[in-house]
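Take a look at the structures listed below.
Each of the next two complexes has subunit A plus one more chain, namely subunit B in the first and subunit C in the second.
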Partner chain A sequence: MNIPRIAVCVKPVPDPAYYDKITVDRTTKRLQRGQAPTIMNELDRYALEKALQLKETLQAEITVFSMAPSNSRLVLLEALALGSDKVVLLNDIDFAGADTLATAYTLARGITHTGTFDIVLMGSESSDGGTEQVAAQLGEMLGIPRFTHVTSVSLDSQSGRFDITAKHDTGVNRYRVQGPVLCGVTREIATPRLPHLRNIRHCIEKPLITLDSKAIEADPQRIGDKGSPTKAGAIYNRESTRQGIMLQGTPDGITDRILTEMRRLGVLCQA
Partner chain B sequence: MEYRLSPQQEMVRDTARKFAREVCEPIAAEIDKSHRFPRETFDKMTECGITAVGFPVAYGGTGLDKLAQVLVTEEIARKCAATAAIFSIHQGTAWTIHLFGTEDQKQKYLRPLLTGGVIGAFSLTEPNAGSDASNVQTIAVEEEDCYVLNGTKCFCSNGGQAGIFVILAMTNPELKTRGISAFIVEKGTPGLSIGKTEDKMGICASDTSELIIKDLRVPKENLLGKLNRGFNHALASIDGSRITVAAAQALGIAEEALDLSVQYVKDRVQFGKPIAVQQGLQWYIADMKTRIEAARSLTYRAAALVDQGEPYATLGAMAKYFASETAVYVTNRAIQLHGGYGFMRDYPLERMYRDAKITEIYEGTSEIQKLVISREVIGKIQ
Partner chain C sequence: MEIRDLSSYQGILVFGKMLPGGPAEGFLELLGEASRLKAQMTAPVRITAACLGSSMEAYLAPLFHHGADHVCYIDDSRLATYQPHRYTEGLFAIIQQVKPDIVLACASYEGGEVASAVAARLKTGLAAHSVSLKFVDGEFIQVVPAFAGKIYGDILCPDTRPRMSTIKEGMFQKLPKDITHTGTMERIKLPPCGFDERIELLSVEDEVQGTEKSLTEADFVIGGGLGIGGSDKWRFLEQLAEVTGAALGCTRPALDQHWVHNEKSMIGTSGVIVKPKLYLSVGISGAAHHVCGVNDAEVTIAINNDPNATIFSHADFGICEDWEKIIPLLIDKISMRKEG
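Up next, the complex of A and B:
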């Protein structure tokens, strides 16, 4: 096997620490990110870390793919600073409004257009979508074995075989497969590092290639809003009417009042 | 006038922000309460290049610039001011060696400071030499192959933890300020011992120690900068380090206190409404935010001047003076906005208020900054 080639899919998402600043546009039903900064989807960071570890042991080459608006540049530069060799940004106004199916299609086109890879790594889900669909769909579209909830991956570079562990509700499955494969990973896969500040200075010199729908020869009917069968239904604001009550006094007194209140609310039967 | 961070500066800030959230914030309250020096945090900083930010690559630095140092200090100070103090004072020591060291000294001492996990400390202050730093009484007597130092230093940040010290001493007492020199001293050199470690009001997890210097023999090649020019070297170094150590640190504390306050006034309901609807409180928030933005402008501009090779001492003094008073003002207001909860140790604000105070004192008090600024503005009075 030559130098293993790794693709990592990275999604820029709003920083969960700023979720209170995010709203949903009632007419377009899309997220309004407001002042929330854009960061790398957390699980994708884990996927990238795994790729970096494979690179360290096997001299692998890492290409990051991201379908994202152009204001996500910092997230992609960060991927380069962390040690990726190249970033491919899939960016086109026509990609906007993509659901998971159109996203998977676009990523598949971008990856196929760019080259062949021994493994595609990505987070099992995104923190702002949480559908867990893209990894499975992308694997199908690329026509390669795909695994989700992957907790460990190792590659025998002689044979090109991968040992993969994936968890499910009641246990784990272990697989030994010939590459190429796709893995949607979970937090167990690795512990992400921070970029070394020295590499930040040079990340800008690494290749960051932007491809639009024409460049990847995408079918216009399968991208963006047009290619997305998912339609947002009604949108609700979760109303929170919870109110804290401070109880003060002796422990016994407080216990009595809690019990009384719980009975009043029907949580406990009347004594 | 272009006024925005470069993508690299933004990435440095974001990386430091993540570091502060993941490494500093979870232990900030604990190390404050127990006055524990977070050695493990320093090691993690070394691992991802934070300790080396803003120094030339040739000596193990990350390249980048003074503004990057400011951004890192600010982000760390948001979550733990004591850690920001440890980091920035360490960097201030390295900065002094960078400014005045010979090539050999830089190769020998900058690398361990920037990449080797060795902590730096800078010791000018003595019991009788505070604002009047010229009144140094530690003596250095020249011998054939070394200088022999005797005296006592106080309030040395990182003192009990440092591996490399920059120490100022009198080489020619008759010449007063023109008779002071700077020396690089390694930990473990016979004659250097750590005295009392101070019990402080704020930045409690940082180490502030007394240095007892008794027949400390410093090899001649460890004279830092020119003989008898140490006082000028020290002042020049502090001109730069106060932009990070005090101004950026103050800025970070103030910003975090404001963020916490904005959240709190929206959440806290009294008289049936969030207290944020009270105009009196809205005006507090407006004042806090305005001062913070002004402090940020001064601080970033002072750092940018350093990077552009322009004179920065006066603007640096203004940044230090204004940002530190802003931090004290903002944390004080933030506690007021939190009412009784702000006063409780369960909330981080009382710690931030205690921490903010140091920024008005070290790296030259507010009064000394005004002295520096007014001297420059008024000029020599005939």
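Up next, the complex of A and C:
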């Protein structure tokens, strides 16, 4: 088998540490991101790590794909600093408002336009939308076998077959698959590394290519808001309806208070 | 977008998991929600349960007893074990046959994966992890969480059919069993599965089901977080769960520390959603995805020694104290009470 070619899909997302500060403005009804910085989606980082490990053992070539606004460049530079060979940024005003279907279509166009790949890796879900849909949908659009909630992947370079372990509802299945294949991964796949100083210096010399909808020959009816069968309606905050009473006093008094509450709710006599 | 004759898509189709002895609980819950939607719709609506599996014909009756009017199923030895490409072909074939207006699928590993692939093939909309489904002025609205449940949003699917949704187990309630409710059965064939020659199933490992009390069913749930501080200390929570009969869950950090080994113990929107009468959180800071997973608890009590912990604004009762001063004492009092 030739040098394996790996595609990794990366989504820049608002930092989950700031989710508590994200709200919907009561008057404008628009999302206030609460100054959340943009970072690489956590599970995509795990997918990239797996790609880097395959590269180390098999001299694979890694291309990172991302459909994102141009202000996400830092996340993509980080992907290069971690050791990817090339980044393809899919960026076009017409990509805006894409739901999972339009996103999967756009990524599929970008990947197909760029070349052929033996394996496509990505996180099984994103931390912001959390739909867990794009991996399965992208596999479907690329017309290749795809697995989600994948906990391990290895490649036998002789046969070009992948050994894949994936979760299902009651356990895990192990498969041997002739590539190309797509894997949506979980945290079990690998432990992400930090960028190496040498790679940080070199990352700006690596190719970061921006492609728009024309470049990838996308059907204008299938991208962005226009290509999205789901439409977003109203958004709102989940209001806390809790009483927020702080219990003061000695541990003895506090534990008695807890017991009273347990008794009142009828959960004390179960054992 | 492709224009379709929307009126040719009718009824509600529910796709859930068939376990060896019958339908999974989540399957029946979705049939319950489908029945509630049916009651809101003006035209006559048929509820179809879609089943994929092998040798399961004898176990389909509960689907009727919990709201299905029709069962469309594929019984095939190739579906004995879940494989994504085969189940995708199966659900796709059933949807082509039934042409439903609305599809509800369990947001499990399998249900979510298959529904996503099928929605891509149908080029239609799929709302993820819906928490509420309703009709407003004739418009079908699916409410979904974003940012780990911090924000909720309405999703509409105006131009394509079917309108699809995935729903987590525990979100809706099943109907009381009605053995007089019956319906029709329709068996169809599994189409050829394109990737069969490229995919070899090497092994199937089913997890042994734990004997511990199920988080989704317990009246009293205890959740432990990073603040517990060590696996040796985790046993205090186990002990409290034991003496009270509570179910014990955890947060992502506690799982990452390997104090807990079962990923299905993680409480939150990305794990298990719980609805107990009482939820007691211990050493949990209150990340959005966690607190949104306990939104439907009747009463919540939080113990954390950080006065600024977010969890306190999501608790009915907050206790700003070292948990080690509270939990062992609580265990003692309950144990003494039982002995005495």
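Following the convention adopted for this analysis, the second predicted complex is superposed on the first by the 226 of 271 C-alpha atoms of A that agree within 3 Å, B and C clash if a C-alpha of one lies under 4 Å from a C-alpha of the other, contacts with A are read in each partner's own complex, and residues count from 1 in each chain.
Following the convention adopted for this analysis, a residue touches a chain if its C-beta (ideal position, glycine included) is under 8 Å from a C-beta of that chain, and two chains touch if they have at least 3 such contacts.
Only a predicted model underlies this, so the values are computations on that prediction, with no experimental measurement involved.
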- Message: Going by the contact rule set out at the top, does A:78 touch subunit B (first), subunit C (second), both, or neither?
- Response: first
- Task: Figure out whether A:158 sits in contact with subunit B (first) or subunit C (second), or with both, or with neither.
- Result: neither
- Figure out whether A:257 sits in contact with subunit B (first) or subunit C (second), or with both, or with neither. second
- Item | Touching partner for A:27 - first (subunit B), second (subunit C), both, neither | neither
- Message: Just to be sure I read the superposition right, which of the two partners does A:200 touch: subunit B = first, subunit C = second, or both, or neither?
- Response: first
- Touch check for A:35: first (subunit B), second (subunit C), both, or neither? neither
- Item | Per-residue touch tally on subunit A - higher for subunit B or for subunit C | C
- Give every residue of subunit A touching subunit B within the complex, in rising order. 17, 37, 39, 73-74, 77-78, 81, 193-198, 200-201, 203-204
- Message: With touch defined as at the start, can you tell me which subunit C residues reach subunit A in the complex?
- Response: 1, 17, 19, 24, 81-85, 88, 107-114, 116-117, 119-121, 123-129, 141, 145-160, 195, 198-207, 219-220, 242-246, 269-270, 276-278, 280, 286-289, 292, 295, 298-301, 310, 312-321, 325-326, 329-330, 333-334, 338
- Complex interface listing, subunit A residues touching subunit C: 14, 16, 19-20, 22-24, 31, 99-101, 104, 125, 127-137, 139-141, 145-149, 163, 166-178, 221-222, 226-238, 240, 242-247, 251-252, 254-259, 261-262, 265-268, 270-271
- Message: Quick check: in the complex, which residue numbers of subunit B touch subunit A?
- Response: 7-8, 10-12, 14-15, 18-19, 21, 47-50, 52-53, 57, 61-64, 68
